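Look at the two complexes coming up: chain A is in both, with chain B in one and chain C in the other.
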Partner chain A sequence: MAAGALARDVEAGGLAAWVRARPLVVGLVVVVALLLTLVLGVGLGSVRVAPAETFAVILSRVFDIDIGVTITPATDVIVWDLRLPRVLTAMLIGCGLAVAGATFQGLLRNPLADPYVLGTASGAAVGAAIAVLLPIQLVVVEFGLLHGLAFAGALASAWLVFRLGGMGGAGGLTRLLLTGYAVGSVLAAVLTMAMYVSGAELRQIFSFLLGGLGGSSWVRLIVAAPLIIGSSLLIMARGRSLDGMLLGDAAAGHLGIDVSRERGILLALASMATAAAVAISGLIGFVGLVVPHVVRLLVGPAAHRVLPISALAGAALLSAADLGARLVGDVPVGVVMALLGSPFFLVLLHRSRSGYEL
Partner chain B sequence: MSSSDRRRGVALFVVLVVVLGACSSAGASSSPAASAPMSASPTASAAAVSPSPSPSAAFPITLTDDEGTSVEVAAEPERIVSLTPATTEILFALGAGDRIVATDDGSDYPPEAVALQDVATYASVDVEKVVALEPDLVVAGGLGFTPAESITKLRDLKIPVVVIYAPSVDGVDKDIELLGSATGTTPKATSLTSAMRSDMAAVSAAVAGQSPKPRVFYDVGYDDATGAIYAPAEDSFLAEMVTMAGGDVITTGDPNTYEIPLEKLIEKDPQLIILGTNPFYSPTPDAVAKRRGWDAFTAVRNGDIKPVHDTEITRPGPRLPIGLRTLVSAIWPDVALSAAP
Partner chain C sequence: MIAAKGLTVGYAGRTVIEGADLSVAPGERLALVGPNGAGKSSLLRAMTGVLAPRAGSVELLGERVEHVPRKKLARAIAVVPEVADLPFAMPVAEVVALGRLPHEPPLTGLRPTDAAAVDGAIERIGISHLRSRDMRELSMGERQLVFIAVAVAQAAPILVLDEPTAHLDIRHQVDVMELLVDLNERDGTTVLAVLHDLALAAHFFPRVVVLADGRIVSDGTPAETLGAARIREVFGVDPALVRLAVGAG
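What follows is the complex of A and B.
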């Protein structure tokens, strides 16, 4: 890239157009950012671990190569059992939520849609609250009642909204959105009541609501990964349907898209990705709402670009925010993400002179 | 979930922090967790064999902690992480203070504890830091004081975690003995608990005959903005302490409720208000008397509002006898107590 040409473009106010014409550049930048957060995320933390040691741990664990650096058992655990699964989980969740968000926004033709728009968040939270309040300790390979009920709650509420909201023709979208809001309100009331009576257990419910990656582990990562990555890939494979529906149901129908069937499948896939993400990391906001918008601002609305780049950007953003949260002293990751991400988003919005529509 | 719901969540959480913070993990509810069945064997044998604890004799040892979890401690712990102020105090009282390598940021007693590295705050445990210290025993707080997630994580990493949570004054004795077994200081633990027990029994006996017992409201916290009043829960640790000190304790009436409505408090009509003050909550008696609606209390009309330092009263550790004496001098100022042993 010629710096001079770029500078001239910026002066001419044409940066957005320049970028938009080069989605590969955006993709490349995002991939580099992702790799950078991977390296930094594993290398940094509240305890100082020398880069050589980090490297040695990973080499010995992955390839069974000993590079002659002494590793203490503590270092090994910190790098391999704490940091690496946490960074990868952050990436997985960020990817899943960003793809789900982009899907819901496109399907519902609503810029304020996020992965939780179908009452998923309240459903998961009620499930988690019930799990916390039940005096049952049930753990199946690192998955407790909380994970199970959060997952089930998220899926059940999405299913309920989908059934009640119907998938009729005209006006169907508004009905679906409002049904999501109404079901979400009922569940939120149940949740508030559960929190009110929870006494000392309140804290556990609250930390679920804040979301966080402190509970990441290899087992949880490996169980959630197929669900999230699988759903994301299946959604990407249906990018054409998503593009069509952005034009409106009638236009999509003219393009030969079976609108109600495709919408059902896409909603189910996006809900699955959301539910899996929520079950292992609680309610993490922002990434699912804002990342798809940022990506659309950069590369335009075509789904075959928006979905994969959102996936990578969501992964990079959440793992970077989690790193920030860990370094500051384990503050909620959503706080860091919104504080750092929102100004960036505002600048992008402000700069987009061409206007921005979904 | 809408932002207003989340705000409500935040408000509720703040309430919890106030209440639990004020109690310093004194715990207050009937928890589903069974209280600890004590492991009996090492207590008797180690105490009988020799006054100085012989290392390795009692280890490895399998303990049942206050949540009913079996915890194996392979050898006498040399590197202990204590995650609550109360357990830090207990460990120091057991003479195991020099083996503590880190604590939480609330551990402020004894003074040596302040200098130790902090690896946990009220909100979270820095698991990475804990792991880096290579502890051979982590002592955590129950009832959600230490996040369950962190406890699970540490246990997954094969670090023995003993969860301590005393639902009652007796429970504190059990906890001290449990930590005695866990750290190989059982003789010290049994002598400490028997001294505490007899001292507290003596103090309690000194006021047992006093009557009529005043209706005592122990003020745990107050929210100036909403007028919410935080009080001892029914059957809580704090309620037990006030009862032992010869007071007719006013509680919220429910083991899981930490707030008492003003109307109910007016109906109960406290004759004495004990203000549990700590660095986070220290209103003056004048400010308390001016709270909206509080002039309905006999205690306020008679000016019977007594601030006390609440840490020794609410922290389930070795200083409870001091706390009990503080309470007795607030409730029965004319009763002469024997000097503390």
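What follows is the complex of A and C.
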């Protein structure tokens, strides 16, 4: 018995060490998974589309090239107008939330942090609820009041928490987290009140809270993409500051990092990515909290590995979960992700006692 | 090299250091001692540019320390940080590599020269066997050695340590002291260390500065600064409790 357990430990440690020494292998596996979800995400559904047809539609739409595969107009609409923007939006949101989550966890030195830790979720939800309740219909190129107010609400609450929470000094991080909690509580109370008085509009608010990718479109994707991808790339460019801050503020300062400035910039970028994500897809949980941890288990905590691999893994996970949600009849994607993802995460955590360390 | 003139520092209404003059020349090895609350750590914080002075100045190579850009400062002064908990598992080698942050060009990460400096620091501290261990599994003493390795990897001409031996057993205390002597004598690193243990200070440091109630009360060789009368006066203990090499000799 004991010998068997020991052998298993050694084996698990060996595998973990093998994986850790090869971040490129992990990256490659994630890229393959991402491509697979792209093909499956566009191909599967009430109408099946073969990969060749998908390819043909993309080539003819983007480059006006005909590769000789016959495409029916219906297939063209399904691929180009319905599924492709949805799959790509899922990938974009997954990428943004995973990078933001990894950033918040590192900055706040807190494994429980997620993209919504600075009150962005409640801020966005209150913004969305106000938009739903206001008797105004305002649509500017596919962006309604709901998107605008959700985006503004998320950014405003992050800004408020940031201002009230202060940055420097001893206990600065705890103060910031508690401020995030307090501001979030006030906003949650406002949200509850709004839901209480909403009557028939309750369903609309509720669907924002559940999050989902049903409202995806090219225009929304193209507006959100630069915000999310831009923020993510800028965060990655500051990855070494993020690494240095793992040692604590004082040590990071002695290593030449302007801690309060770097933290401000990184929090702003991560909040921007989060706000853009929630504005177009509502509150999608799990991906931002769990993906960075899984990636850290696999490749260690260094930002230059965690951030890019989390971005790709978040994209793959959310698009896969959205595919699952679509196939079982459009249940909320967050439900699918938590139901299928949490057991997997629990297994990883359990294994982490032998070999991996969180 | 680094000089405080008429330095007064404090936190919110409370003055901790008053009118301190302390000049450290290149290649010196200096221990700062004094009872708890004397202001040793505050003096170090002010001299490393973390705490802004209320009055007076700190100059690094003739330049006011608050005007030196952070990266340049980090290349000039390495400070052994307090032993901190890391939020995530991190192998020792990667922690030590953070010491190269002030030298790395942005974006590219560790260059071969940086990797060599990291390996050198790990070897010199004698923690090669901990290289791939998770930082969080280590004992406090082992973590302290890792943090000293971070500062050594930083390869700055001035090394500042605040109680580097607080968590170490006597064997490792002596090892760390010998390392400081070696860094100082062989590499010419200027060493400035706050120490609690007067015996270690007297034995390993040619210059000892005694701080009491925010003032420098004595500055010189251990024989001059750590006499029986001063130990009784500053620390309020029977000097016989502190068996100093200089006291006996």
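Everything below uses one rule, namely that the second predicted complex is superposed on the first by the 330 of 358 C-alpha atoms of A that agree within 3 Å, B and C clash if a C-alpha of one lies under 4 Å from a C-alpha of the other, contacts with A are read in each partner's own complex, and residues count from 1 in each chain.
Rule of thumb we're sticking to: contacts are C-beta pairs under 8 Å (C-beta built on N, C-alpha and C of every residue); 3 or more make two chains touch, one makes a residue touch a chain.
Since this is a predicted model, take the numbers as computed values, not measurements.
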- Message: In the overlaid three-chain picture, which partner chain does A:I78 touch, first (chain B) or second (chain C), both, or neither?
- Response: first
- Query: Is A:G45 contacted by the first partner chain B, the second partner chain C, both or neither?
  - Reply: first
- Based on the superposed arrangement, let me know which partner A:N110 touches: chain B (first), chain C (second), both, or neither? second
- Query: Is it chain B or chain C that touches the larger share of residues in chain A?
  - Reply: B
- Query: Taking the superposition as given, does A:L202 touch the first partner, chain B, the second, chain C, both, or neither?
  - Reply: first
- Using the superposition on chain A described above, determine whether A:P301 touches chain B (first), chain C (second), both, or neither. second
- Those residues of chain A which chain B touches in one complex and chain C touches in the other: none
- Message: Which stretch or stretches of chain A touch chain B in the complex?
- Response: 45-47, 72-75, 77-78, 81-83, 116, 121-122, 125, 135, 142, 144, 184-185, 188, 191-192, 195-204, 206-207, 209, 214-215, 217, 283, 326, 329-330
- chain B residues within the chain A interface of the complex: 1-2, 5-6, 8-9, 12-13, 16, 20, 27-29, 31-32, 121, 123-124, 126-129, 131-134, 143-144, 147-150, 152-153, 156-157, 255-258
- Where on chain C is chain A touching in the complex? 48, 50, 70-75, 77-79, 81-82, 84, 86-91, 94-95, 98-99, 101-102, 104, 106-107, 109, 132, 134, 136-137, 147, 150, 154
- Name, in rising order, each residue of chain A that touches chain C in their complex. 17, 105-106, 109-111, 237, 240, 243-244, 246-248, 250-251, 253-258, 296, 300-302, 304, 356-358
